[in-house]
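Following this line, the structures themselves.
Shared chain: chain A. Partners: chain B in the first complex, chain C in the second.
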Partner chain A sequence: MPAVVVAILVFVAFFLGYRFYSKYLAEKVYALDKSKPTPAHEFEDGVDYVPTNKHVLFGHHFTSVAGAAPIVGPAIAVFWGWVPALLWVVLGTIFAAGVHDFGALVISVRNRAQNIGTLASSVINARARTLFLLIIFFLLTLVNAVFAVVIANLFIAFPGSVIPIFLEIPLAIFIGQYIYRRRTSALIPSLIGVALLYLSILLGQAFPIDLSPIASAIGLDARMLWIILLFAYTFVASRIPVWVLLQPRDYINSHQLFIALGVIFLGVLIGFDRIVAPAIASVPEGSPHWFPFLFITIACGAISGFHSLVSSGTTSKQLDNEEDARYVGYFGSVGEGSLALGSILAATAGLGAYTVWQERYADFNTASSGAVGNFVEGVGHFANNLGVPLGIATIFAAVVVVSFAATTMDTGVRLQRYIIQEIGEIVRFRLLARNLTLAAALAVVIPLGLALYPDLAFGRLWRLFGTTNQLTAGLALAVVAVWVFTRNRNPLAQIVPLVFLLAMTTWALFIQLGDFFRAGDYLLVAIDGVIFVLTLWLIIEAIGAFQRARSERAASGTDGGTTGA
Partner chain B sequence: MMHRIILVREWDAQLAASGCCGRLGGENTELGDTETFAANRSEMEAMGEVYRALRAELFDEDVEITVVDPRNMVWLVPALLKDARRRGLNLREIWSQLRRGISYTSIVVDGKVLFNGRIPPVEDAVAAVKKELEISEPDPAVV
Partner chain C sequence: MTPGWRELYKRIEELHDEYFVGRWRSGMQREAGRQQDALMAMLFLEALGIPNPTSYYAFELYPEFVEEFHRWHQRMGMNRFPEPGVCC
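Up next is the complex of A and B:
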């Protein structure tokens, strides 16, 4: 089937989801009221609380939630065929992600723009906040480990991308110094930055960097060496002020995100490539079954718990009126779904021939370790449809993915540092709570150990990441569902994806526990076991919260209190 | 006529393509401290003063005040182009306003950049904006 036809059908489905389902959610489930003052008006200060045009807010929100994660999962999941992956992305975006992101934004707006951690503690109970912090701790550990492996794999598969990525660092620092010190236009420096970055691809292509000789000289393999170097970099990067590197690089990334989206969909349109992957693939004996593993392999792109953190806390402080939550929250998840769609098309229509696809997706380990590379090649092919030479186009795609993944690692390590300090406060371990270097070192060493774990297949690490991300989404959905229920409205829109996600996550964790144990991967057994316990904990807390809400609702008659929070 | 005032300044913790980690880590989430984005916070607070003063002074005017991050170019570039075209500027002037408008900090009224690079004292900002609004208002005698 031509990829462009699939893309059009998916966009039509997204449009219908937005047009009808989000309208139902807005009117019947969240009962949005345009006249109700939002925190942006109530506490308007022009600093954090600013009533913001919905298109401006969407730009801020969407660019923050998009990244490398909705690229990786779908590129792995086409192992089971493009139809199951696509269906989960489409149905997940419409019925799970949209409900989740939109709901997290609404509940935050109705509760003085509090973030989801605080809301979990007030809507469910105080223990839920500890649960939230523990889930986020595991989530960030896995995020950092996963993206270190992704970048290392891309550097090895596409050595031409190393020089552009390393040049991006001084380029970003220079742009930052220029913009912040001279306080001048950001438009031209950022455009020049992007142009120089893409120009450096020629240099990267001429001088590909291969660390294998150095790695073998010190008794490592190239992947291990890259992972160590990447974590050394993030340790330093997480200690330097954000305005030196992290924020200026964003001026380049903000262009890259839209350039990449444009290249993918224009390339699909112009090239009129056909999907070469089977609709439903017959997988080798012993492979993970699509049910339940598809639903944790694609987390971001179908539903991502991280979005509840972005929706609450910051975006909710800028919502001009409640009705805008539909556009910003629901449509934000549609944007992420579109990125996942791009990833599916790149990994199924961008590889050229069925034999190539069959080779790349021969078994689950090959599929998962090479998935991002397949995406990169696919996007390279789409860019080639637009006239960019294939070699350069492929490195361009690798540069985009590595730039996004590196930003995720930079921010992930920083966030993890805070979580570790916060956990230090909870367990009253003062040294951990106060010592920034110790917290930063732990934030780096834990995921580093995981990424370097011997013979660790990337697919296993990715599935663990997926389970924690779905768990975060489950926590947010539980909070929103209880809140909707206590307002005397039907919480089925939250309960269905909540039950489905928790069932798939628990089931997948249970199967993995056995798999890891049989394979002798005891570190993964421990992590999987802890996440399994956290899942059960979440299920118990969610059931308890519903029972309490039910009793309260019964005690107060039919009036569940539709006003206020 | 509806006027548009755009205040351009960075939001703390706003990061593009960070795989869901953007907008986290500042003061507004549980995952951050006050120091990390201190440089942004001081600019945000300074622009916040201008924002509040403009709100107070122009409360009865037909004015929309928008605060936007300079990295949100997908919105900012078309908005500045649209306003500059509506003002009837020629291509060279449009480019000049666009270039100056998309900077670390700027104040733009109906497509014309009044300040860029530094946030002016509140009184100066309010006076300049009011003056600009008076100029761009059609003369009732003529109309």
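Up next is the complex of A and C:
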């Protein structure tokens, strides 16, 4: 089938979801009220709380949630064929991610823009906050480990991308300094930055960087050396002020996000490529079964708990009025779904021929370790449809993915540092809570250990990341569901994805426990076990919270009619 | 550029700044505040009763920062400064 037809059908489905389902959510479930003052107005301070135009806020929200994760998951999941992956992305975005992101935003706005962790302790109970911190700790550990491996693999597979990526660092610092010192607008410098970055691809192509000689001289392999270098870099990056590097680099990367989306969909339209992968693939004996593993392989792009952190962290402080939450929250997840769609198309239509696809997706390990490479090749092919020479187009795609993954890692390590400090506060370990270097070092060393774990199959690490991400989404959905229920409204829109997610996560964790044990991956057995316990803990807390809410509702009479918070 | 085009360019520039730069505004201001706080602590430690070895060198900067001082102690959670005649 031509990829462009699939893309159009998906966009129509997204539009219908936004037009009808999000309207139902806005009116009947979240009962948005335009006249209620939002925290942005109530606590307006010009710093954190700033009423912001909804299109601008959508841009902030979308660029914060969209990263490398909605690219990697779908590119692996087409292993089971493109139809299951696509269906999960479409249905997940409409009925799970939209509900989740939108809900987290609304509940935060109604509660003085508190974040989902604090809300968990007030809506569920005080223990839920600790549960939340532990889940986020594991989520960030896995995020950082996973993306270090992704970047290292890309640097090895596409050595031409090394120079552009490393040039981006001084380029970003220079642009940042230029904008602050000249007090000029960021438009022209950012565009020049993007143009220089893409020009440096020529340099990268002429001088591909291969670390294997240096790595073998010190007794490592190239992948290990890259991973160590990446974590050394993130350690430094997480300690320097955001305005030096993180912020100006983000100017360049946010442009890249829109350029990449444009290239994918324009390339699909102009090239009129056909999907070469089978609709439903027959997988070799012993591969993970699509049910339940599809639902944890694609987390970001179908539903991702990480979004609740963004929704309830920064976005809720800037919402101008409650009705904007529908556009910003729900449409933000549609944007992410579109990126996941782009990834599916790149890994199925961008590879050119069925035989190539069959070779790349021969078994789950080959599929998962090569997935990002397949996406890069696919996007390179789409860019080639637009007239860019193939060699340059492929490096361009690699640069885009590495930039996203590196920003995710930078933010991830920084957030992990805060979480470690907060855990230090809770267990009253003052040194950990106060010493930035110690917290940052731990935030780097833990995922580094995981990424360097010998003979680690990337697919296993990715599945663990998926389960943790779904668990975070489960916690946020539980909080929103209880909140909706106590306001005498129908929580089915949250409960259905919540039960589905928790069932898939628990089941997948249980199967994985056996798999890892048989394979002798005892570190992963331990992590899987801990996440499994956290899942059970969450299920117990959620059921308890519902029972309490039910008895409260029964005590106050069903027509108590409390609306709003 | 004719005024019409200049107007349009200005609008695009503003929108771009809102879109890409605005996302970082709060983080930047918080960071700037933190750096400013460190400087203020250096300058005014003695006003808080803590001996400060650099106060002799920082003395001539006081007048430049007295206005800031009031906002600083408020930001630090002290609504009125207890010592009379210092600021509020």
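The rule is simple: the second predicted complex is superposed on the first by the 558 of 565 C-alpha atoms of A that agree within 3 Å, B and C clash if a C-alpha of one lies under 4 Å from a C-alpha of the other, contacts with A are read in each partner's own complex, and residues count from 1 in each chain.
As a convention for this text, a contact is a pair of C-beta atoms (placed from the backbone, for glycine too) under 8 Å apart; a residue touches a chain by one contact, two chains touch by 3 or more.
Predicted model only: the values in this text are computed from it and were never measured.
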Could you check whether chain B and chain C clash or fit when both are placed on chain A?
clash
Which partner chains sit in contact with A:64 here, chain B, chain C, both or neither? Use first/second/both/neither.
both
Touching A:291 in the superposition: chain B (first), chain C (second), both, neither?
neither
Could you say whether A:354 touches chain B, chain C, both of them, or neither, answering first, second, both or neither?
neither
According to the stated criteria, A:404 is in contact with first (chain B), second (chain C), both, or neither; which is it?
first
Considering only the touch criterion stated at the top, classify A:422 as touching first (chain B), second (chain C), both, or neither.
first
Is A:522 contacted by the first partner chain B, the second partner chain C, both or neither?
neither
Tell me which touches more residues of chain A here: chain C or chain B.
B
Using the touch definition from the top, say if A:56 reaches chain B (first), chain C (second), both or neither.
both
In the superposed arrangement, which partner chain does A:272 touch: chain B (first), chain C (second), both, or neither?
neither
Candidates 39-47, 57-65 or 129-137 checked on chain B; the stretch that hits chain C is 39-47
Between chain B and chain C, which residues of chain A are contacted by each of them?
46-48, 50, 52-53, 56, 59-60, 63-64, 185-187, 190, 241-243, 247, 250-251, 254-255, 314, 317
Residues of chain C that touch chain A when the two form their complex:
12-31, 33, 35
For the complex, which residues does chain B have touching chain A?
7, 10-11, 13-33, 36-37, 39-40, 44-45, 47-52, 55, 64, 66-75, 77, 98-100, 102-105, 116-118
Flag every residue of chain A that touches chain C in the complex, lowest number first.
46-48, 50, 52-53, 56, 59-60, 63-64, 185-187, 190, 241-243, 247, 250-251, 254-255, 314, 317
Using the touch rule from the top, collect the residues of chain A that touch chain B in their complex.
44-48, 50, 52-53, 55-56, 59-61, 63-69, 113, 115, 117-118, 133, 136, 143, 147, 179-180, 182-188, 190, 241-243, 246-247, 250-251, 253-258, 300, 304, 306-307, 309-310, 313-315, 317, 403-405, 407-408, 410-412, 414-415, 418-419, 422
